[in-house]
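The same chain A turns up in both complexes below, where it pairs with chain B and then with chain C.
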Partner chain A sequence: MWKYTFKRLIQGVITVWFIATATFFVMHNVPGDPLADAKAVSPEIRANLEAKYGLDKPVHEQYLIYLANFLRGDFGISFAQQNRYVNDIIYEHFPVSATLGILAIVFAGLGGVLWGALTALYRNRLPDVIIMFLVILGISVPSFVVAALGQLGIVNANNFFGTSLLPAVGWGTIAHMLVPSMVLGLGTMAYLTRLMRSSMLEIVNSDFVRTAKSKGLPPSRIFTNHQLRNAILPVITVLGPSIAAITTGGFVVESVFAIPGLGRYFVQAVQQSDYTVIMGTTVFYGAFLVFMVIVVDLLYAWVDPRVRLE
Partner chain B sequence: MSSARTPDQTFDRFAGRQLLILALAGIAGITLLMVLLGWASSLTGASAGANVAVDPVTKTITLHMSTEPPQLNSSLATDMLSGMVLGHVMEGLLRYDQNSELAPGVAERWHIDGNGATFWLRKDALWSDGQPVTAHDFVFAWRLALDPENASQYAFILHPIKNAEAITRGELPVDALGVEASGDHTLRVELERPIAYFDKLVAFPTYYPIREDFYQQTNPRYGAESDTLLYNGAFMLTRWVHGAHLRLEKNPQYWNHEQIQINVLDFPYITTDPNAALNLFKDNKIAQTGLAAENLYEAMERRWQIQRFMDGSVFFVEFNFRDDRATKNLHLRKAIQLATDPAELVYKVTKLPGYLPGESIFPVWLKGVNGFFRQEYPAPAPTMDLDAAREHLAQAKRELGEIPALVLLTGDNPLSSLQSEYFQQVLRKNLGLDVRIDKQIFKQRLAKMTSGDFDMVMAGWGPDYDDPLTFGDLFASWNPNNRGMYANAELDANVEIAKTSLDPKTRMDAFGEIQRILIEDAAVLPNYERGSTFVVNPAMKGMVRRAVGLDPDYTYAYIDEP
Partner chain C sequence: MSEATLTPEDFRPAPATHAAQTLSRPSLSYWQDAWIRLKANRRALISLYIVMGLAAFTLLGPLVWDVDPAAQDVDQISKPPGADRSATVVEPYSAWDPSLQNGDGHGLRLAAPATNQTVRLVWDPDPHAAGYLIYRNIFPIGPENAFGLPLGETFSPNHTYFEDLLDLAPRRYYYTVVSLDAFGDRIGHETLEAEVKRVITADDAVVRGLADSPDALSVGDKVTLGLHPLGTDNLGRDMLARLMHGARVSLFIGICAPVIFMLFGVIYGSAAGFLAGNADQLLMRFADFVVALPFLLFMILFKILFDVGAGESGILPMLLAMVLLSWPGTARLVRGQILQIREEGYIGASRLLGAKTNYLILRHMIPNTLGVILVTLTFAVPSAIFTEAFLSFIGMGVVPPTPSWGSMCNEGIKTMLTTPHELIFPALFISITVLAFNLLGDGLRDALDARMRSMD
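The block that comes next holds the complex of A and B.
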C-alpha cells in the first residue's frame, strides 16, 4: 500500500511537470500579448515593461527561470494585477472555490446516491418517472441557465415575501453558500442519480442479494450493506473526475453569484494572456486533480476489498 | 385479495425506511458541514454586504463593481475602475467639481504660462495618517511614474514636463525632471514646450501624490491592499477583500471633510454579470446599476428613474494603410464611406438607448473656443450616396483590378457582432464587396491590430483628459494607437500646432482641419458615440457622471429620503 502510494505520487509529480511545460509553451505560442492594452504604448515604454517582466529574454531562458522559481514555490507577480503575487491569489481565492466545490460535491454525491436508490426502489412507478425526468433536465440544462434562474428565484421570493430570505449575490455566510453550491452540484447530482439507479438495479437481482434474503438477514442490513455499498462503487469511480469538473467549472456560478473564487482568475487569465496567473492556476489545479485521482483510487481500495493496490 | 404483503413489498418498506434515515443523516451532515464552512470562511475575512442600498441612519451607500481594480498604485493605474476608486480616495493638485469644472484640490491657487506652472498647495491638506501633503510628494510620484524601472504605461501623460520623455527612455536620471518643490507648499513645473491644457492634465490619476517614505516601506506592495495605500482624498479604503469587497469610509483628515455627506461607500458585490447587478438593484441591495437594452422595458414598467449619459467614448472603423492592402486606395475607402450610414447603424441595427451616430472622431461634448467644439466646427460628414459610391468603386477597380475579400477584424461581444454584420451586409448589397468578419477575443484582436493583420478594424477611443487633443492626435503618423498606419503630413502639421500653440482659436482651427482631413481622406469611419443608460435609487442624490475624469463620482452624493 505504501509502496503503491509512493509510486503514484512520483507519477503525479511527473504529470504535473508535464502539464507545466506543455502549458508554458502553448501559452507562449498562442497569439495575444500580456502587455498589450486597449491603449498602445510607445516603443520605449514597451521596452521598459518587457524588461520588468523578463519577457525580453528568449523563451527557453524564460522557461528555465520559470522552472527554478516554480521549484521554490514562487509563481511570480500577475500581469493584470501588477502588485499581487500569484501565490497570494491562489491562497486567497482557492479556499472559497474549495468551500463551494466541497459543498457542491457533497450535495451531488449524497443526492445522487439517495435519489438513485429511491428510483431503483420505485422503478417504473411514479416517483421514478418524475425523478428521472428531472434528472434529464438536470443533465441537459447548462449551469449558467440554472444559476441565473436560481438567482431570479431568490430575488422574486424576497420581493414576494417583502423580506430578505436569502441573499441573491455575494459570499460570506451559510445563507450565501446554499443556492450556489446546489446549482453547481446539480448537473453532477443528476448524472450520479442515473449511475446509481442502474447500478442498484443490477445489484438487486444479483446472486448475493438473493442469498442474503434467503438466509433471512434483516432487510435493513441487506439494503445498506449488500445493496447500497456495492452499488456505490461506480459512483466513487466517477467522483474523482467529478471533483475536477466541479472545482474548475465553478467560473460561471462564481461570476453570477459574485463569489470571489479562483475560477474567475483561471478563466480571465487566459483571456488576458496573464502568463503568470495562467501558469500558477493551471499547475495548481493540475496538481490538485492529480492528487484527487490518487485519493479516489486509495478510497476505492478501502470501499471494495476485492481491489488490491499493486 | 389478501391484505398480507409479499416479501418483496415488505423488503421495499424496510429499505424505504432505511433510505429515509440515511437521507436525514445526510441532511444533518450537510448542515453541520455548512456551519463549519461558514465559520471557516468568516475567518478568511469574506463578508456580507449591508442590508439596504441606501441607509440614511449610517449614511451608507451600497454599490457593485464589475471587476475589482487591478491595483491602486496611481503611478501604474490605467483602467477606469482604478481611476474610479482612486478618484474617491486620492486628490490631485486640481479636481472636478459638481459641474465638472476644474476646481482647486490640494493646490489652492495655480498659475500656468508658456514656460511652466506654479502650484501653491493648501496647508491643511493632510494624508490619512495626519502628516501634511507636501510638494515633495508630487515630485516623488511624478518621478516614479517616469522611472523606466517602474514601467508605467501612462508615463506619456507626464511627457509635457521638461526632460520627462528622456527619462522614460532611460537617457536621463529621474532627478533631471523639470519639477521642483520650493519649500513644502510650492510646486514649480518647467515644461518641455508650451501647452494649453496642463491644468487639465494634473487632475489625472498619474499626477496624484505619493509619499516617498510610505512607498518605500510598502514597495512592491504599494496599493495592493487597503493598508498598503496612504490616502489624501475625501474617502479612504478601509477594507479590501480581493475579488469580493471594497469599503470606502469618509476620511476625517480630508481638508474639505465637512462638505462630504456620505459616511460609507460600500462595494460588497463584484460581478461581471449585468443581470446579477440588476437582480441586486431589484432586491434593493445596490443604489445604482447600468441597464442593458433588453431590461429597459422592465425598468419602465417598474417605474424606475432611468437616466442617460454619454460616457465620452467614440467608436469607429479604422482602415489599414499598409502597402499590401486594398484599403490603402482612396477611392475604395470613399466608396465604403459613401455606402454606409452611421445613423442607420445606430437607429435601425444596434438600437441601443443613448447612443449617437458618429459623425467625427471628435465627440459632441468637447469644448471649443467658447462653446462646444462640434457646434463651432460642424463635421463635414458625408451623406450616404450610392451613385457616388459606385463611381468611386469603379475608379478603385480601375486602379487595383478586382477587389479582394476585405477582412473586418472585430471583437467577440454581441454589439461588435451586430456592427460587423451591418458592414458586411451593406457593403455586399450596395457595392458587391465581399467582407470577411474576423472575430477575436480582446488580446488576440490587439495582437492582430498591432501586426496589421486586417483591412478594416472596429476600434474605439475613450478620452484621457479634457481637451480635443486626446482624440486629435490619434491618427498622427507617430501615434502607436494609429494601428492602420495612416500617415498624412498635413494632419501631422496640424497636430503639432494643436500641441504647441497656446492660442485657443489657433488650436481649435487645427482640430477643425484634422476633422476635415480625416473625413475627406476617408481615413476612419465614425460609427457611434457610446451612451449609457442606468437606474438610480431615488434616495441617493448628487451622484455626478462625466465623460472625462472621475466617473461615477459619489464625492458630492447625499441621501434624501423621498
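The block that comes next holds the complex of A and C.
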C-alpha cells in the first residue's frame, strides 16, 4: 500500500514536471517576446523582469530557472493585471473555484447515486423513464446553455415572488453557491446516473443478492447494504475524470454567474494572452488534477479490498 | 427408470437427408446481424434518421435556402420567427416645418404618425422653462422616472418641438420631455406613448428587392419584407442561413476530429498491444503524459503557429489541438482489446496455419475491435461538438463573422432576456445533434458489442 502510494506520487511528480516542461517550451516557442504585450512596462521594469526571469539567458538556463521558480512556488507576475503575482491570483481565487467544484461534485455524486439507484429499482417503469429522459437531456445540453437557463430561472423566480430569493450573479453566501454548483454538477450527475443504473442492474442479478434474499433479509437492508454499496464502486472509479470535467466546466459557469474563481481568470488570461497567468494556472491545475486522480485511485483500493495495489 | 426396448435398428446410422444439411435461416455476417439489431432499436433508428437529416441540412440546406449568412437585413434586426413583416409605403423624407403645427393646449403629442422614418414631437411651452430635455425609453418610465436615452436638448422656452430621426425598430416607445429652468434644474416632465410603425419609401423598396420599380408602388401600399423562417440575429442576419453554414463548421470539427484522432489512436494502441513488454510500457506511459497536457495552451500555440490573430477563426488550430491531445483514450482502449484478443484461441490457430503478423492484425485484430471503435467514435462526436462550442463560446475557436453553433450561442447569450430565439435555436441544434449521436452510440453499442450491451 505505502509502496504503491509512493510509486504513484513519484509518477504524479513526473507528470507535473512533464506538464511544466511542455508548457515552458510551448510558451517559449511562441513567436514574440512575452513582455512585448505589456505596453505599460517601463524599460527599467522590463530590465528587472528580464533579469528576474532570466530572459536574457540561453534557453536551457531559462528552463532551469523556471523550474527552480516553480519549485519555490513562484509563478511570476501577471502581464495583463499590473502588480499582481500569479501566486496571489491563484491563492485568492482558487478557494472559490474549489468550493464551487466540491459542492458540484457532492451534488453530482449524491444525485447520481440516488437517481441511478432509483432508476434501477423502478426499471422500465415511469420513474425510470422520466429520470432517464432527463439524464439524456442533461448530457445533451451544453454547459453554457444550462448556466444561462439557470440564471434566467433565478431572475424569473425573483420576479415572480417579487423578492430577491437567490442572487443571480456574484459570490459570497450559500445562496450564491446553490444554483451555480447545481448547474456545474448537472452534466456529471447525468453521467453518474447512467453509470450507477447499469452497475446497479448488474448487481441486482448477482449471486450474493440472491443469497441475501434467500436468507430473508428485509429488502431495504439488501438495498442499502448489499446493492448500493457494491454498485457505487464504478462511480468512484470515474470520480477522478469527473473532477477534471468539473474544473474545466467551471470556466463557463464562473463566467456566466460572474463568480471570481480561478477558471474565470484563466479564460480571461487566455483571451488577453497573459502568458504567466496561463502558464501558472495550467501547471497548478495539472498538478491538482494529477493529485486528485491519485487520491481517487487510493480511495478506490480502500473501498474495494478486491483491488490489489501493486 | 423407464424401460427402453432397443433393437439393432436403432443403432443404424441415419441416412444423410437434404433437409438436415441446409440452413433453415440465411447466414448472417457480423455487420448484417448488427444492422438487424440496430433496426429493431427504435430510438437508435430515429437518431440515425436525425443524423442523416442533419447531414442533409448542412450539405443540401444552403442549396434550398440560398441566403447569404453574412447579408444584413437592416429592416429586421433581432426579429423572432413569425414577427410582423409588413411595411407601409410612404413618401420620401421631407424636412419638417414645426411652426405649421403649433397650436397650444394639447400637451405632448405627435405631429405626424410615428414611423421608423421619423417621430415628430410637439408640446406646449412651459412658462417657467428655459429649455427642454427629450428622452426615449422602451419601457414605461415607472415611479423611478427612468426616462431612458437622452435624445436632445432645446435652449428656448418656445422651442417646443423635436424630431427623432434615428431609424427605430417598430415597437412601442415612451418619449419624455423634461422642462428645465434657467439654472438647469428639472421642474416638470411629460411622457407620451408612441407606437412606431414600419414604413418604407418606394425607392428603398426597390433597393431591397421588394418591388420592381418605384412606379409600381403608391403611398399607402403594403409591402412584405424578406422572409426569415427562424428570425434574424442582432445584426439582421438570417438565422436559418447562419445555422446551416454554422453546421458546416460544427459538424466538420465534430466528425473530422474524432475520426482522425481515433485513427491515430487505433494505430498507436494496436502497436502497443502487439509489441507488448517494455515497448508497450513506454508507449502507454507517453500516452499518459499526453492526457495531462493542457488543451487550451496548445490551442493558443497552434493559433500562433498558424498565424491566426486574436480576432480570427481558428478552425485548423482547433482541429489539430483536438487531434493531438485526444488520441490516448482510444489508444488505451484499442491496446486493451488487442491484448485480450491476442490470447484468443483463433489467433493461435491462425498462427499455427502460418499467418503473418500483418495478416493477423488486419484480418483478425482490427475487425474484431472495429465494433468497440465505432461505438467510441459515436460517443466522441458529441464531446467534440461540445469542445468546439465551448472554445467558440470563450472566444478561442470560431469567432464572428464566421458562424458556428458555439459562436452563435455566444452571441445569443448576450441578448438572452430580450430576444431569446438567438440563443435557443443554436442551442437546440447542438442539443439535438449531441442527443442523436448519444442515442445512436447506445444503439450501436447494443448492436455491435455483446459484452457492453446495456441492460434495458
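Just so we're on the same page, the second predicted complex is superposed on the first by the 278 of 310 C-alpha atoms of A that agree within 3 Å, B and C clash if a C-alpha of one lies under 4 Å from a C-alpha of the other, contacts with A are read in each partner's own complex, and residues count from 1 in each chain.
In the analysis below, contacts are C-beta pairs under 8 Å (C-beta built on N, C-alpha and C of every residue); 3 or more make two chains touch, one makes a residue touch a chain.
No experiment lies behind these values; they were computed from the predicted model shown.
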TODO: Kindly classify A:214 by the partners it touches after superposition: chain B alone (first), chain C alone (second), both, or neither?
DONE: neither
Task: Touched partner set for A:148, first chain B, second chain C, both or neither - done: both
Open item on the list: Which chain, chain B or chain C, ends up touching more residues of chain A in the combined arrangement?
Closed with: B
TODO: Identify the partner contact of A:271: answer first if only chain B is touched, second if only chain C is, both if each is, neither if none is.
DONE: both
TODO: Would you check which partner chain A:173 touches, where first means chain B only, second means chain C only, and both and neither mean what they say?
DONE: first
Open item on the list: Quick check for you: in the superposed arrangement, does A:49 touch first (chain B), second (chain C), both or neither?
Closed with: first
TODO: Have a look at where A:163 lands relative to chain B and chain C in the superposition and call it first, second, both or neither.
DONE: neither
Open item on the list: Looking at A:106, would you say it contacts chain B, chain C, both, or neither? Reply first, second, both or neither.
Closed with: first
Open item on the list: In the overlaid three-chain picture, which partner chain does A:282 touch, first (chain B) or second (chain C), both, or neither?
Closed with: second
Open item on the list: With the touch criterion stated at the top, can you tell me which chain A residues are shared between the chain B interface and the chain C interface?
Closed with: 31, 148, 152, 155, 255-256, 271, 273
TODO: Spell out the part of chain A that touches chain B in their complex, as residue ranges.
DONE: 31-34, 36-45, 48-49, 51-52, 77-78, 80-84, 89, 92-93, 95-96, 99, 102-103, 106-107, 110, 114, 117-118, 121, 148, 151-152, 154-155, 158-159, 164, 167-174, 176-178, 213, 218-220, 222-224, 227-228, 255-261, 264-265, 271-273
Open item on the list: Which residues of chain C touch chain A once you look at their complex with the stated criterion?
Closed with: 288-289, 292-294, 296-298, 300-301, 304, 310, 382, 386, 389-390, 393-396, 406, 409-410, 413, 416-417, 423, 427, 430-432, 434-435, 438-439, 454-456
Task: chain A-facing residues of chain B, complex - done: 7, 10-12, 14-19, 22-23, 26, 29-30, 33-35, 37-38, 40-42, 44, 46-49, 51, 64, 70-71, 73, 76, 78, 148-153, 155-156, 168-170, 220-224, 241-244, 268-273, 275-276, 279-280, 282-283, 285, 441-444, 446-448, 450, 479-481, 483
TODO: Using the touch definition up top, name the residues of chain A that touch chain C in the complex.
DONE: 15-16, 18-19, 22-23, 26-27, 29-31, 124, 136-137, 139-145, 148, 152, 155, 198, 201-202, 251-252, 255-256, 266-267, 270-271, 273, 278-279, 282, 285-286, 289-290
